[in-house]
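For clarity, chains are labelled A, B, C and D in written order, and residue numbers in each chain start from 1.
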Amino acid sequence: MHISSQFDSGNIRVINADSPENITLAINNDNQSDFYQWFHFRLFSETFVAHKITITELAKSAYPDGWKDYNVLASYDRQTWFRVDSEFDGDNLSFEITLEQPSIYFAYFVPYSYERHLDLVGDAQMFLDCEHRLLGQTLDGRDLSLLVIGDEAEHKKKVWITARQHPGESMAEWCAEGLIYRLLDEEDGLSRQLLEQATFYIIPNMNPDGSARGHLRTNAVGTNLNREWAEPTEEKSPEVLYTLQAMDTIGVDMYLDLHGDEALPYNFVAGSEGIPSYDDRLKKLEDNFKQALLTVTPEFQDEHGYPKDKPGEANLTVASNAVGERFHCLAYTFEMPFKDNDNLPDPVFGWSAQRCQQLGEDILVAIRAVVPDLR
Amino acid sequence: MHISSQFDSGNIRVINADSPENITLAINNDNQSDFYQWFHFRLFSETFVAHKITITELAKSAYPDGWKDYNVLASYDRQTWFRVDSEFDGDNLSFEITLEQPSIYFAYFVPYSYERHLDLVGDAQMFLDCEHRLLGQTLDGRDLSLLVIGDEAEHKKKVWITARQHPGESMAEWCAEGLIYRLLDEEDGLSRQLLEQATFYIIPNMNPDGSARGHLRTNAVGTNLNREWAEPTEEKSPEVLYTLQAMDTIGVDMYLDLHGDEALPYNFVAGSEGIPSYDDRLKKLEDNFKQALLTVTPEFQDEHGYPKDKPGEANLTVASNAVGERFHCLAYTFEMPFKDNDNLPDPVFGWSAQRCQQLGEDILVAIRAVVPDLR
Amino acid sequence: MHISSQFDSGNIRVINADSPENITLAINNDNQSDFYQWFHFRLFSETFVAHKITITELAKSAYPDGWKDYNVLASYDRQTWFRVDSEFDGDNLSFEITLEQPSIYFAYFVPYSYERHLDLVGDAQMFLDCEHRLLGQTLDGRDLSLLVIGDEAEHKKKVWITARQHPGESMAEWCAEGLIYRLLDEEDGLSRQLLEQATFYIIPNMNPDGSARGHLRTNAVGTNLNREWAEPTEEKSPEVLYTLQAMDTIGVDMYLDLHGDEALPYNFVAGSEGIPSYDDRLKKLEDNFKQALLTVTPEFQDEHGYPKDKPGEANLTVASNAVGERFHCLAYTFEMPFKDNDNLPDPVFGWSAQRCQQLGEDILVAIRAVVPDLR
Amino acid sequence: MHISSQFDSGNIRVINADSPENITLAINNDNQSDFYQWFHFRLFSETFVAHKITITELAKSAYPDGWKDYNVLASYDRQTWFRVDSEFDGDNLSFEITLEQPSIYFAYFVPYSYERHLDLVGDAQMFLDCEHRLLGQTLDGRDLSLLVIGDEAEHKKKVWITARQHPGESMAEWCAEGLIYRLLDEEDGLSRQLLEQATFYIIPNMNPDGSARGHLRTNAVGTNLNREWAEPTEEKSPEVLYTLQAMDTIGVDMYLDLHGDEALPYNFVAGSEGIPSYDDRLKKLEDNFKQALLTVTPEFQDEHGYPKDKPGEANLTVASNAVGERFHCLAYTFEMPFKDNDNLPDPVFGWSAQRCQQLGEDILVAIRAVVPDLR
């Protein structure tokens, strides 16, 4: 029996792996940070033997509530990721599995590797409608890539989408991938119409260092990028600094920041009702966006979500608030679940990469509903 | 140089094919009918030589207006169908092409062969969610197949969809294919939700004989099936008779009949405002259906369409009227263009098979918008 | 319960289909011919019910020995064709099956439709290395297509390959398809080398009329094309006439005629040892061809086959003999089994479309072994 | 303009990247080693601008002869890798390119990432015919995986194949991949026959640490694994130690060690004529293997290669010699080119991943030729 995590986004610490009935593991902190919640490891062991695995010390993890009603993701072939029933006792997450193949992967959510990210960016740039730009380098020396989809023109609205500031929220990049490929589909009427009215600026992975390192929430030096939008620095948060500089140069008429939420079993948005410049125009845009999304997919809902900020009390270090305020534009944090959409539960796969991709495609419908009124 | 049409849905008559600059063709009537408009043939000739082709005698074709602003479809490989600029002078449709490969197909719209139909039905029945039923045989001895998607239960709404009563309107089956495969996608949340609330009864090809024969509008013996819904007969319209019998046995809560329109360059619906039992409930369902479809895709619109029937003046031999009246249910004839969607023109492909498929997927969004209120 | 055959290559006659336990069928003659052996039909019936099907009157079929140890092919989805255990009593072939899906196809061998044929020809012509030529029309008005693969040059050997003179031998076209796509693969070193040394003239279907009609052995008017090579006529065998004319114009350095054999459970070749001009050079070429094929695949063998013709006693109406004699070239009839390769039996699929394709790829290795010495 | 290599198998050092006309780079040593030759980097720069890139200090690289007539591999989308004409002056390799897309990758050969390796192993284990075993961990903590293909039985020959002891020779894993998937193809008659006669023990990547680190020739601590087979150690060469232990336990009847050769533009084998136990039996097996491979593919040849060892003078620290001697079995080092096969040059792609895969498939033909006589 052997447990390994020496691969892209691998993260686990073995406490005890002497016998299949009693495997105890823990999750490593993000580098230079106290956050931990993302795990990804491979178990190599005997087939047709029952294994009991416990991940411990979770009371101190970033989101203890994230483990309630959460079921671990597993895959034998790294393509099909299914759920394994799991139990949480307040500190330990336990699950049992009888192996069908000797090698099995477990992860907090379906991993989206840096190799796949590079494939996405490399493939996307081949399309006529897409221009690949380099915003700068991360602290580990990775490239921060921006995909510009659609010709740029003064009259066109500028729609920005960022994903995976929090690297363990891999659903954000799956969603971005679905959205990107729909936009690039030249026979998709909706995308063709959108690209006449808007140019898309998409950063499919804001935090490639944290992603490759197997972090939950921070970059290579432990910075939570989504608290850096007031004063990003070259030293701690170059990813935000370069993005904000590009936004200033280009302009922003709408912004979506794609995330995953550890606790809530729903897709939802968090708006910018707490920013100083929030007004009726922004509210109406928000309402129209949500209404269209409610029409197009039962995966979205607007009942469950974060408590709304009081007027003027928004945290302006957070991307969507900062950008909404800076550009007086529609700005949303879009949250997908790690668990499932409880309005439409799927006991086999839970919330999945495919559902993220479909949601990305459907988000374009909601963007279309607001694009004419964005400026 | 040779012109042939001895294949599925082939239809052409050579008047003169002596030289590439002057190829003159005509379209054969549907069997036992005066209708003609569908053509499908293969030209084998010299590459890098300009060819001028004229299809003549179109003033008497079924829809002379269909040729105005219409561009012929062509394909070298039977996969990619592109448009060739065409001119219509009131009786003759002319177009020029310099061949890149020696064999090229031309058709009125992207063909959907009986072989592909059998593949669709055979593949669909493999899904757990789908049951294949046989309604009966056509006059040429083909099978009339019904796909039942979703478990049947008393509380579930019964949604019927038929395609291609008019066999030359192949877009109807492309659209049905897109809709069917989305419904069968187990990771599509919208489809999963729909199948909890409704059972779908889909006939992807109501007129396989006319389709294989290369007809525009009628079945093997020249019957326009969409005028047979008042009194269908075993002798002239068994396709309608068997479908109506199945509807009576099972019940109908909603009905969509997929068609193509020769003249109008838009997607639109024709409702049942002229049937005796039309009322506010039906109007509201119609409005909700249209509103959702307008939200989900710019391919749909509600400005251009057929003149509305006056109250009580609906033609009850037409499928959607007959079914709407018989079951007091929402019933639409859904029309797609042969030409293009002029709100979103694509000079290369025009209205295409891919756009039909996408529209089929999007129609499910509109069905979801009305399903709870159907009964 | 319903049995239908109104589709490409369909052929069956229902004698009794009153109850699942006792379905009795017969095979129709080829048009204007006494031959019958090919069948292809669809049964629509109840799932989870045992069906017993008997095909009768087989003592007078073309090859009664073909039914011994033969297992019927079946498919639910028209993609996967599996074998069903069958029994032959000298006149009746019987098999039992409990349906998993309501619609199931049965056939003598995996069908290769005319639609697929047109797709193959249309797709192949798109490759730079391939030129599509039209040899003429069949009696039913179908196109007889020749694919020329590789540039033509005086020094290059001319290798001719024909398939499916006998239309029920669909394995011949599956094999040709595998061979064609390997030749067109620009990253396949063997194909690149071959195309420097030789030009390929391939007729993937010599008998499209018989194929579409569901014949075993003859064309539209009952002619066995493989007995027409001495004196083909426009009236009875235009397919052979046009092919032979093209051969005369172009020349032939090697010829393979792809067939299926009803009785023998092996792949084998029949050579031209009986033609007048047979000599050591031809014998050595034959030996080298066979030796290479024995090396590259266990699917080939040289023990079982037809009795060898005595010197000078070859039937010169047969394609490979006629062409071998006319051009003093290596000429083989290549036979594949309807049953299985008994040296490597596969109880699930038997001899299959995939194995035909692989064999087609492997035949190129054997051609390479002789190409330098062909002239 | 930016050059990066922070990704799987990335390796480059920027000396000067101030202007597109004069980009100067160097290659980093393998860790704890003097070897260097593998490079892999991404250039992000302006499109439609000519770039001149020089890799310098190559006189001291591992194989200076490797740069003569070598053309760099490049890719925009990480799927299609094409050659760029390059010049070598004894110390500097220079090449020019005008970018079509802003991001382009350059590499010594088509990379095969650790992610793809894990996909291969994970996918392979899903096949019934394949068992995945873990031999141990590398010094960086990666898994050393063995794929056992075919049931094990006393009478079956044991065929071992290892790839990529030298990690920069990525062609070895492309070749292994082709071979593995052919073996797993249940409809491939050759594979089915082979698996009745032999069991395959395949290590698709003997040196995952060196591969991921972007090494040419050594593992994580600078060990050349192919000089460790006399006395492998836990500290310096656990990869070899674990493999040899497994071979001792299981036995070996044949061994192929897949490599790339930097200098020679050919595929060839290096035999074990210099090992003490070399005899006529081994010579005959070698000859039969080579003869079959010459028959099946023009990519192989036996004229160009390494000088043959004199009797008894083989280096027994080398894998194929060590294993050949230890098990008195047929053992080959199989070399593929970094450049091209000069017998069949492809100016666009050179020796490519696809050709490696095809060669892997063809090697199975040569193995079949010797399997019955291996013991």
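Criterion: a residue touches a chain if its C-beta (ideal position, glycine included) is under 8 Å from a C-beta of that chain, and two chains touch if they have at least 3 such contacts.
According to UniProt, the chain labels map to these proteins: A, B, C, D = Carboxypeptidase family protein.
No experiment lies behind these values; they were computed from the predicted model shown.
Q: At the place where copies chain A and chain B touch, is the share of residue numbers found on both sides over half (same) or under half (different)?
A: The interface of chain A with chain B is built from mostly shared positions.
Q: Hey, which chain ends up farthest from chain B, C-alpha centres compared?
A: Most distant chain from chain B: D.
Q: As a quick test, compute the distance in whole Å between the mean CA positions of chain A and chain B.
A: For chain A versus chain B, the centre distance works out to 41 Å.
Q: If you average the Cα atoms of chain B and of chain D to get two centres, how far apart are those centres in Å?
A: 55
Q: Who touches whom among the chains?
A: A-B, A-D, B-C, C-D
Q: Show which residues of chain C lie in contact with chain D when the two form their complex.
A: 187-190, 192-193, 292, 295-299, 341, 344, 346, 349, 352, 354-355, 358, 365, 368-369
Q: Quick check: in the complex, which residue numbers of chain B touch chain C?
A: On the chain B side, the touching residues are 2, 4, 6-8, 42, 44, 75-79, 101-103, 105, 113-116, 118-119, 121-123, 125-126, 131-134, 137, 140-143, 145.
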